[in-house]
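Following this line, the structures themselves.
You will see two complexes here that share chain A, one where it goes with chain B and one where it goes with chain C.
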Partner chain A sequence: MTNANQQAVALYSNDFLREVEERVEEGEWVKMCMQCGVCAGSCPLGNAWQHTPQKLFMMIRAGKREEVLTSDSMWMCTSCYNCIVRCPRKLPITHIMHGLANYAHRLNLAPKGQPTREVARLFWNSLAKTGRVNELKFSLAMYFKDGIVQGIKNAMAMQSIGLALVMTKRLNPMELFGGHKCKDPGSLHKMIAKAREIEDRKKGFTS
Partner chain B sequence: MNASIATNQTILVVGGGISGMTSALEAAECGKQVILAERNTSLGGRTSLLYRYFPKMCHPTCGLEINLRRLKANRNLRVMTQTEVTSVTGKRGDYTVTLKISPRYVNQNCTGCGECAKVVEAEIDNPYEYGLSKTKAAYLPHAMAYPQRYVLDASIVGAADGEKAKAACKYNAIELDMKTETVELKVGAVIWATGWKPYDAAKIQPYGYDRFDNVITSLEFERLADPHGPTGGKLLRPSDGKEAKNIAFIQCAGSRDENHLRHCSRICCMASLKQTQYVREVYGDEGKSTIYYIDIRSIDRLEDFYQKVQQDSAVKFVKSKVANIKLHEETNDLILHGVDTEGYHRYAAQHDLVVLAVGMEPESNGIALPADMITDSSGFIEGSKDGGQFSAGAASSPLDVNRSVQSATAASLRAIQVVHKTSATEGAR
Partner chain C sequence: MAKKQYAFYPGCSSQKGASGSNFLTSIDVMCDKLDIQLNEIPDWNCCAASIGYAEGGELPRLAIGARNLALAEQHLPGQDMVSGCPACWLASREASERLNGHANLMAETNEALKEVGLNFKGSVKPRHMVEVMIEDIGFEGMKKPVVKQLQGMKIAGYVGCQTNRPFGIAGESFENPQYLDKMIEVVGAEAVTKYDQKVTCCGGALAFSEPEKSQKQIRSIVESAYDHGAEMIVTPCQLCQANVEIYQSEINKKQGTKFAMPVVYYTQLLSVAYGGSAKQAGLDGHIIKPKKLQDIAGK
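Then we have the complex of A and B:
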């Protein structure tokens, strides 16, 4: 158990709904679900979800903390917004899914190596460092996330697309060395740190 | 018209459905002068278009007939059809109302013989069948219509058909030069019994009411089940006239939905439970009904009826709001997609007919009410701020017939209190 996770368990023993309401983005909406099932039925990737949003909401209310936070279900959301449009109670379901995923990531309970989580992590790391997403490094990191051998295979498979991007000046090979950045990354780091501090305070993280 | 009825002790009832008729009769039978204004060509409203009532499965015609007999026997009540209220001014106990009376083109001489309908060729969408069938442009609204007088549709007035109808009439009942009239009256209280309308099912995009012939509304289903209806009581689906024996009922079609109607329409669960019994009536065990629901709300004592239907082996319940409907091209059947809440199973269920239990919207939505009127967030009328105008029945809240009648009686009593006080304080009469 990570430190943050231990704290959360101590703080919200047996009341996962309250934990979600206080700590998950848009989590206060969970109690509004009336279990009609339209979100689950409307999701174009519905079959890929072990637990549909409807089911996740019920699991949250039933206190199934471990199963929810370690699930890869909410990582399946592609933000198509079909569920939000259809929800008769106007729950911001897409945002709640991302909120849950983010919270599970924060507590380090999210499934390791889950592709969506990996993409998000690499994207964020690249962005937070320089203020810009380094597309070359980001793509290469994706290729090699499952090891060197798989990385080389991936790179070979994508070779012609990569070259075409270089030829049409959509991809600069020099980005590999440092790469471009925003004007003052130091200030950006401070902003992010401050935002994190505010969020932690609001949501009761003590770390 | 007798001049004495247009005083400020008169009660105006707007809308001649079951609620308006009840309100008007209760007041008139208490000796008050009442004007009952109905926009359509006949009294009875949506009630007259139902096949049976829940929970007793009796026919609305019975109750309507009782009310019509009370009405015919009462001298205090004046019925005005094709009449709309265009303005209400003044205050509690002393209102001036403006009524617009559209021409019927048929006067009191009409005996209902039907000779005009025989000679008229033009046909119009039958306004009493939700467009499921056509009727001649000279028509009797329906079997129970009051007044029992024919109507000429405005489209044939000034055309050859109109002249033919006039020539065919032996009683000199057809007046092709009738004009729209506007009259002003003084009334002491107003009861708004303007009723409800079905929510526009085409707005529920994933259910395809506008795209699929075999997706119909619960009100259209009432007409299909009615022996006086367009199919003579056979449950024939619109696309090919095939007998529908595997019918899906989708609850909360528009209701309890922030994207459509915010409120629970209250009656639709009972209406669908009732309609499963129409299917049984026609096909016995062979007629399968499936109800897709969020939760069944069979209000208070009507729970018994729900339990009875639950025992019916031909009726299946699926706890799920259907996500979307797709057409099965070869058969014109519909495939219902969704996930059920009892076990979270994904389904794709085929049915030959889908009935949308559409929600109730106030008929007054989209019509300008007097400025003084208070409505709730769905548009249901609560009454006027000055306490001289009231709402009755489904105009006030989504109500079934039974509760509409109770509401109408209550509204009538409140209106009587207003005009009673007026006559006492002003010393009139």
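Then we have the complex of A and C:
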């Protein structure tokens, strides 16, 4: 168990709902759910969700902390916003799913090697480094996230697509050396670090 | 006529050498004919899209969005901020609405922005290029510069998710928005009005992390276009375009289908109709060649 996780458990003892309300993005909305089930049928990757958003909200209220935070389900969210426009109680469901995933990730309770978790991490790192996402470095990092051997296999499998993109000038091999970026990545890093510091203070993450 | 001025936020996928770069090419021709001037926001940064949440959390993401908004306010005062990419628009609009609605988040975000010498006032309005087209130009206005009718083409309008939800286009329904079909008709082509995958999600960023599950979505999107007799799909979204075009060969390989359905942007349709060459409309940027559109552009 990580330090931050132990502290959270101690602080909120058995009140997981309150923990979510105070620490998860848009978490204060969870109590408004009336369990109508509309969102449960809205997710495009529906059958990959072990617990639908409706179920997750019920589990939060029932204090099932461990099950919720270690769940793979919210990582199946494609950000399609179907649920938000349909929910009769206007819960910002998409953002709560993102918030739960982020919280589980920061406490290191999210499933290890969960593919979307890995992709999201790589994507953010690519962006935070230069201010802009470098698609080529991002894709290469993606291929190699499971190690060298699997990486070469992945890259080979997608080779025809990669080449076609290069041919149509939609993927620039020169991006590997430099590429697009913001003028002063250093100050951008400072901005992101500052925002993170404030959030960590507010949400009780100690790193 | 004085040109309409907008602060322009291209987004990463539309920069030169990126997967949506041909979108940018076609937007130039279109805006030129419609007397729209797009002024690129100096030193803009990536919006973190909808996948940035996992590592980024709330405040760093809001700060990243607010930096672009603040840059627009400072360098291009009084102009609406326009993005071509739905994810960029969504991220900017979410940041703007959440910060304007929560004084504490606004104060915290501005504390972070101080590190880069910026301050977000909350005044700039983030808009989607499609909104500009419909609200500021109008369908009649879009029709005026048409010099080539795309007659005889049958096209499926694929709106996808994020142009459509959660904000959508004012006056349109979430389940069956009409504007893309109307744009198809503006250029003289026939819209597949019964296209039932119009607002289906393609899997978005999960095309990378959950390829099998996303390709199932993409398969339905392409298959339904075929079933309704479409010869091309048109979309307003960079990621939709990339996902739906690029993975057809993968689906063919794995599932024995014979998909070769071209997928283009609405801006490319308009560019061709406005007399742009195939190159100007970015038609050379496709893996699945939009043959018929290229022919029309070449005439």
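The rule is simple: the second predicted complex is superposed on the first by the 199 of 207 C-alpha atoms of A that agree within 3 Å, B and C clash if a C-alpha of one lies under 4 Å from a C-alpha of the other, contacts with A are read in each partner's own complex, and residues count from 1 in each chain.
In this text, contacts are C-beta pairs under 8 Å (C-beta built on N, C-alpha and C of every residue); 3 or more make two chains touch, one makes a residue touch a chain.
What you are looking at is a predicted structure, and each value in this text was computed from that prediction instead of being measured.
S.K.: Chain A superposed: clash or fit between chain B and chain C?
M.R.: fit
S.K.: Scan A:M76 for contacts with chain B and chain C and give back first, second, both or neither.
M.R.: second
S.K.: Quick check for you: in the superposed arrangement, does A:P111 touch first (chain B), second (chain C), both or neither?
M.R.: In the superposition, A:P111 contacts neither chain B nor chain C.
S.K.: Based on the superposed arrangement, let me know which partner A:I192 touches: chain B (first), chain C (second), both, or neither?
M.R.: So A:I192 only meets chain C here.
S.K.: Counting only touches as set out at the top, which of chain B and chain C does A:G63 meet: first, second, both, neither?
M.R.: So A:G63 meets neither chain B nor chain C here.
S.K.: How many degrees apart are chain B and chain C as seen from chain A, counting from C-alpha centres and rounding to the nearest 10?
M.R.: Superposed on A, the angle at chain A reads 70 degrees.
S.K.: Per the overlay, which chain contacts more chain A residues, chain B or chain C?
M.R.: C
S.K.: Pick out the closest CA atoms of chain B and chain C after fitting on chain A and give their distance in Å.
M.R.: When the complexes share the chain A frame, the smallest chain B-chain C C-alpha distance is 8 Å.
S.K.: Considering only the contact definition stated at the top, list the common interface residues of chain A for chain B and chain C.
M.R.: The overlap between the chain B and chain C interfaces on chain A comprises residues 85.
S.K.: What does chain A use to touch chain B in their complex?
M.R.: My answer: residues 34-38, 40-42, 46-47, 51-52, 54-55, 85-90.
S.K.: Okay, in this complex, where on chain A does chain C touch?
M.R.: On the chain A side, the touching residues are 25, 44-45, 48, 76, 78-82, 84-85, 94, 98-99, 101-102, 105-106, 115-121, 123-125, 127-128, 131-133, 135, 142, 160-161, 164-165, 168-172, 174-175, 179-180, 182-184, 187-188, 190-196, 198-199, 202.
S.K.: Note which residues of chain C are touching chain A in the complex, please.
M.R.: So the residues of chain C touching chain A come out as 12-13, 15-22, 43-46, 48-60, 62-64, 67, 108-109, 111-117, 161-162, 165-166, 168, 174, 200-201, 203-206, 208-210, 213-214, 217, 246, 249-250, 284-287.
S.K.: Okay, in this complex, where on chain B does chain A touch?
M.R.: Residue positions touching the partner: 206, 252, 256-260, 294, 320-324, 337-341, 344, 346.
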